[in-house]
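Labels run A, B, C and D following the written order; every chain starts at residue 1.
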Amino acid sequence: MRSPIPDYLAEALRSVQADHSGATADYIPELAHADPDRLAAALCTVDGHIYSAGDAAAEFSIQSISKPFVYALALADRGFDAVLEKVNVEPSGNAFNEMSVEPDTGRPLNPMINAGAIAMHSLVGPPGATPEQRVDRVADGLSAFAGRRLHVDEAVSRSEMSHAYRNRALANMLRAYDIIADDPLVAVAGYTRQCSLLVTAEDLAVMAGTLANRGVNPLTGRPVVSAAVVRQTLSVMATCGMYDGAGDWMTRVGVPAKSGVAGGLIGALPGQAGIATFSPRLDRHGNSVRGVNLFTRFTADMGMHVMEVPPHAPSVIRSRRVLGEGDREVTLVSLQGDLRFAAAERVVREFQEHPPQQHRVAISLRRVFSVDAVARRMVLEAVRRLSLDGHEVYLLDPDEVLPDPDPGTGGRVRVLTRLADLLGG
Amino acid sequence: MRSPIPDYLAEALRSVQADHSGATADYIPELAHADPDRLAAALCTVDGHIYSAGDAAAEFSIQSISKPFVYALALADRGFDAVLEKVNVEPSGNAFNEMSVEPDTGRPLNPMINAGAIAMHSLVGPPGATPEQRVDRVADGLSAFAGRRLHVDEAVSRSEMSHAYRNRALANMLRAYDIIADDPLVAVAGYTRQCSLLVTAEDLAVMAGTLANRGVNPLTGRPVVSAAVVRQTLSVMATCGMYDGAGDWMTRVGVPAKSGVAGGLIGALPGQAGIATFSPRLDRHGNSVRGVNLFTRFTADMGMHVMEVPPHAPSVIRSRRVLGEGDREVTLVSLQGDLRFAAAERVVREFQEHPPQQHRVAISLRRVFSVDAVARRMVLEAVRRLSLDGHEVYLLDPDEVLPDPDPGTGGRVRVLTRLADLLGG
Amino acid sequence: MRSPIPDYLAEALRSVQADHSGATADYIPELAHADPDRLAAALCTVDGHIYSAGDAAAEFSIQSISKPFVYALALADRGFDAVLEKVNVEPSGNAFNEMSVEPDTGRPLNPMINAGAIAMHSLVGPPGATPEQRVDRVADGLSAFAGRRLHVDEAVSRSEMSHAYRNRALANMLRAYDIIADDPLVAVAGYTRQCSLLVTAEDLAVMAGTLANRGVNPLTGRPVVSAAVVRQTLSVMATCGMYDGAGDWMTRVGVPAKSGVAGGLIGALPGQAGIATFSPRLDRHGNSVRGVNLFTRFTADMGMHVMEVPPHAPSVIRSRRVLGEGDREVTLVSLQGDLRFAAAERVVREFQEHPPQQHRVAISLRRVFSVDAVARRMVLEAVRRLSLDGHEVYLLDPDEVLPDPDPGTGGRVRVLTRLADLLGG
Amino acid sequence: MRSPIPDYLAEALRSVQADHSGATADYIPELAHADPDRLAAALCTVDGHIYSAGDAAAEFSIQSISKPFVYALALADRGFDAVLEKVNVEPSGNAFNEMSVEPDTGRPLNPMINAGAIAMHSLVGPPGATPEQRVDRVADGLSAFAGRRLHVDEAVSRSEMSHAYRNRALANMLRAYDIIADDPLVAVAGYTRQCSLLVTAEDLAVMAGTLANRGVNPLTGRPVVSAAVVRQTLSVMATCGMYDGAGDWMTRVGVPAKSGVAGGLIGALPGQAGIATFSPRLDRHGNSVRGVNLFTRFTADMGMHVMEVPPHAPSVIRSRRVLGEGDREVTLVSLQGDLRFAAAERVVREFQEHPPQQHRVAISLRRVFSVDAVARRMVLEAVRRLSLDGHEVYLLDPDEVLPDPDPGTGGRVRVLTRLADLLGG
């Protein structure tokens, strides 16, 4: 059987191919003269499978798409407080090249605008890192996100550097406010190399997939940044990633995203996949025209919107039965599905509203596939309270979805793997 | 067994009780003289169970928390285009009483600032509705969200009206730009009545719970607005709900939320619960001090952050076996968990990478609990392609998680409820 | 002999007549349907002679040209401190209908924008004046500036009032910040009547002429406001009178000015004349197209620019001679021209650098036509010092340009009217 | 006799000496460690006499006071259009180090803010001048304004250059918008040298005196810039010279002015004098505290306010008599004072309202001391019209205040120097 997903991607590309609106970025010849017709889409699942269509192996400079990843590296290297002290997380409502800094402190409003991104570049690596070490850390870190060694396009880097008057203005302003400590020209040079790293649509899909996979690269299996860093990064992408159209993007597409002037665009579907598109013509916001259209289509087709309320799942309580006889009588409550807060609450409520009449109480987790931290705490607390009420409590958990269950003071639980163990002697 | 959840809520209230910082809103005596020590928290699950602690039955005026609900009503009554034409969805970066309108058109930046909220009030009900009909529609609509009849606090309404110079300024400016067609004073009067509706923390939890439940009131079971309207409303709450601290709230709490100057604060946990707190002292942004602290705690304890990537669930492919013999030999692929895009992709990939050697292929959905639209399409497409490859395909679906399966042109599938039916004759 | 000035004015009107660019104000029908081709210019000298050409007797509403005059009335009625507390004097750099108020206090940036003008209207008359009394005070005061009783155009007033949503917005915002204490609608009603006063180009020339004449109406001879109030008013007109083109106007025309949307435009030539033009088509700043052109021409033709440095006048020291013989020998220093600081300094220097050898020293003021306060002080101080040096000092001052000369402690001077008195016995 | 002016200046300095408020600029050590107690005032009359008191010979860096002079040089070297294309003339309402540029074009709002000043530095000299040539042109030009060779303080220049991040930011932004064509660092280096030129209070008084004297250095007598350039420069100083307090300064002091962070402050009294003060402690606007107080005092004492309406001078018509007999009968109208527009109008009116009955008409200019261009045109037009009415017209002008009188087509006039010539044969 041939997978329908490549067909879907190819069909999606065909549907936007006729749109020649927008224009390539014109501030350097290397971007202005890029082939405007190149078009690609790629998707990387959290278990590391890549689908792609179009010019998915064509290399282009990563540009602003580097920003969320370097933000994540800075958070990882310096911690949240040190990073927040230098760059805030508020949407700017402004165009991408403006000097959106807080009036008194000079702190950039967020790390997705150039001022914030230049400041972030200066915060990667250990305190005291040299400019070269920082550039290396960025290249290494972004390569870790991509799962392969990325290289700088020296021609793009040189050309950008010779036109980088706006970024030099920003870096000097940041230096004046002591947001960065480097020589401004050196800071811009490092940031320019960062933006000139060459990627393909597939690379970007893997990078976004690493964010979707709690910071673990789905191809290499190597952790790049922590889940807490990913959460912060995705939050900032959600509110600040699409320049001055943050609200429009959040309502219409609803995926944490970032675009770059070379035509790249990424979105991270938390827990599911990273997605990337590539098409060099940009709209007036600086976002890829076809890329935005593709994402709008993806969100409709794939149900990616983070504010989409999931349809009502069947009750977590699959059944409640009394089995066995006499001393071996047992109330068996069978659960199903993924246990997060709401499901765990329902389980707790079951025991509260209908206290078991039997001395022995068993909770079956055979049809439960995941239990998050809060649900785990709540289920164990229910076990503890049942114990305190005098019940003998069993967990039927053949797949160890609730490993090492410790219900805490006064609680006691026995783990079984087979129903027969419960009913047998 | 006593539920631990009320204990948790009570303990959470105790943990913030000592914080007397902030001050009650002082622009009208009714708010300034409110008992500043009142404190409550309430939670309403999507299946309609309410937990609460503290002064959860105390009534106070809903104020700005009415904004997302009236936005939802306007979307429902007039459609997305008509509403977007009058009010945008972009974060303003400004304080709540400022005149954040687009320079040329006068269009308010979003419906969560007063200018946008006044415009929204004027868009509820059918075109041509009288001011009285609009006020009734708002009161009826918000009552439907709350699951009980809400009433206006006439004293608050009168007092606010006599101090509503800022809102009158906004309404006149909106009228000057033809954003509203009403007499500005009439518009402000209606909006003021909207803000003066009395609610309890429990009411607010139910209202937020209705958003968390795809627009269906979890208490009454009645649909109030559509899932699409809920998605739009939650998106706008996420980026614009907490005034000028939208980015800070999104990174730290990560729940679509809205606060009101009387001390209320709501958050919607999509698919799980609505949460509300009440404590009248406000910080300099106009948000309840203790409310913000409670939500910060809730998000840590309950894993509510929408950008929290779920921990890796076990594979959707629980097992793959060949059963039966001879003609009755069948490849049985057993799935588990909730099927969304990523899981469905994995299923498709299973068949693509490992084409079944048997003529008969069965997919077991016995441990699958929900299937969203995209996953349904993908599974059926896989069925269709297997058919076209010559296979005879079965769905083992005793709980009808995939009702009415139609794989489309060239596809064919038989639904069974028991494994025995597959293996038997 | 026929005066060339009417010819000049008529010729100036002809030179702009072909310019049909711009458009009448369109926010009320009364202005939109005004005859766009009407054209007038008028000039009122500080001694009360009026020249005019074109439709100089056509009446139109005064609109924003009322602002500087009502500002002057408020300064006169309440004093500088009370007025500055409510309205600042800084250029706004913004368009005329914007809400240019100081962020924290709500204080309008200057009295020439609508917010400031509404606040000014509320400050005329004694503290505690009723709205009716304030309207009367404004009508009386502006009539005093014009030298005839002005009347409200009731149709314009009604029409403006029914479209005054922006001004109502401003008034409500001012009320919210306690800049005004009135009901906002009442404040707007009063301000609207102020703007609806009917004037002719000749009236406006007299009003501007009153400013040019130190606050004394050149027609009636009656003082309207003090010289200090005039100075403040002209200063504010110079920096804020022409909306967002203040710098452009100051460099190109260089005359304190004010325009109105009905097509009026005034300029005050301090000490010389008031000038007014009338032509209803407005440019995008809201200033009369032909009016601006006429003033540009006037400034070139009449040398009106306040930053034009006057050409070097001949030395204030017309001659220095020794007359008489023996005991009657006298050093006679004859002065000429107007004595301001620089000329007085030159006189003082004459005596310092060339101390008179004679016991008797005479200063002739026969060719001096005016002496301002600083020059008077300096000349008298020179007299005092000459006295202290032992000289006998005389002022030859037949026209009493330096009346009641009191040189102060140790000084002594004798005033003569004829040279003969000096030389004779 | 000793001049009272030095006494006045000394007394003025004493009156502000006790004020130790404010602080020296702290961004470079050379300014931070300047002796904060130094205090000076100097005044230069338009005929080149200098008065001073206090530390008037102490050298300090000119800083922003260079801006109006370099603006004048740019206007002189490139013309008004070329300069206006790069820098506007509108007040910014912003602090001095902000990036006040027009959003679309990047054109600085005026030449008194740093962005505008850097742009101006790049416009001095001929097109194509090298950076070194521009620095030389600035040093030569400012020396010409000062009347002596000025030198750069190399220590200040180096120190400023090593802290000039804000200016480097501005220069890069200007370069990005093509407002300047130089390398931004080179532009900042040149501008920094300009600001580091050493001056004394007396130098500054002479420089301001050159502006007050129509562009002619009152010490050297050499023309530096044209009267048109001076007018433009003074206009921009009037509206933009005192940073964000332009309106406050214009109302309270009313003199075109400019301040510098080293503590200098200048004002130009057109046609009379240049004034300068020096005191290093600055207020929060960056203006010298004592300097502002001194100027406030000067304006009150010396009547310097440009919007001060001069007190009413006596009529330009000193007398009208009929002299002689028979054929020699003549109407003699004797004028007095300075003739500008208003006086000339009065003369014209005299002949219009009271047509001479005699064939011969004489106008005596013996007591007239200056005639400006418009007055000259008007008097000659009156002569022409009297000729056309059949009169024989004479000018009695012994001092040649109206040289080369040509009344134009149809006019005829005879110039006499003595009354006797008129009455005699």
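Following the convention adopted for this analysis, contacts are C-beta pairs under 8 Å (C-beta built on N, C-alpha and C of every residue); 3 or more make two chains touch, one makes a residue touch a chain.
As the structure is a prediction and not an experimental result, all values here were calculated from the model.
Chemist: Using mean Cα positions as chain centres, tell me which chain lies farthest from subunit A.
Modeler: Farthest chain from subunit A, going by C-alpha centroids: C.
Chemist: For subunit B versus subunit D, what separation do you get between their C-alpha means, in angstrom?
Modeler: 67
Chemist: State, to the nearest whole Å, the distance from the C-alpha centre of subunit B to the C-alpha centre of subunit C.
Modeler: Distance between chain centres: 64 Å.
Chemist: Using CA atom averages as chain centres, what separation in Å is found between subunit A and subunit B?
Modeler: Centre-to-centre distance between subunit A and subunit B: 21 Å.
Chemist: Tell me, which residues of subunit A touch at least two other chains?
Modeler: In subunit A, no residue touches two or more other chains.
Chemist: Going by the touch rule stated at the top, which chains touch which?
Modeler: A-B, A-D, B-C, C-D
Chemist: For subunit D, which residues count as touching subunit C in their complex?
Modeler: Those in contact with subunit C are residues 1-5, 45-47, 49, 88-93, 109-110, 211-214, 227, 230-232, 234-236, 238-240, 244-248, 250-251, 254, 256, 269-273, 301-315, 336-338, 340-342, 345-346, 348-349, 351-352, 355, 367, 369-370, 372-374, 378, 381-382, 385-386, 389, 399, 401.
Chemist: Report the residues of subunit A in contact with subunit D in the complex, numbered from low to high.
Modeler: Where subunit A meets subunit D, its residues are 99, 165-166, 168-173, 175-176, 184.
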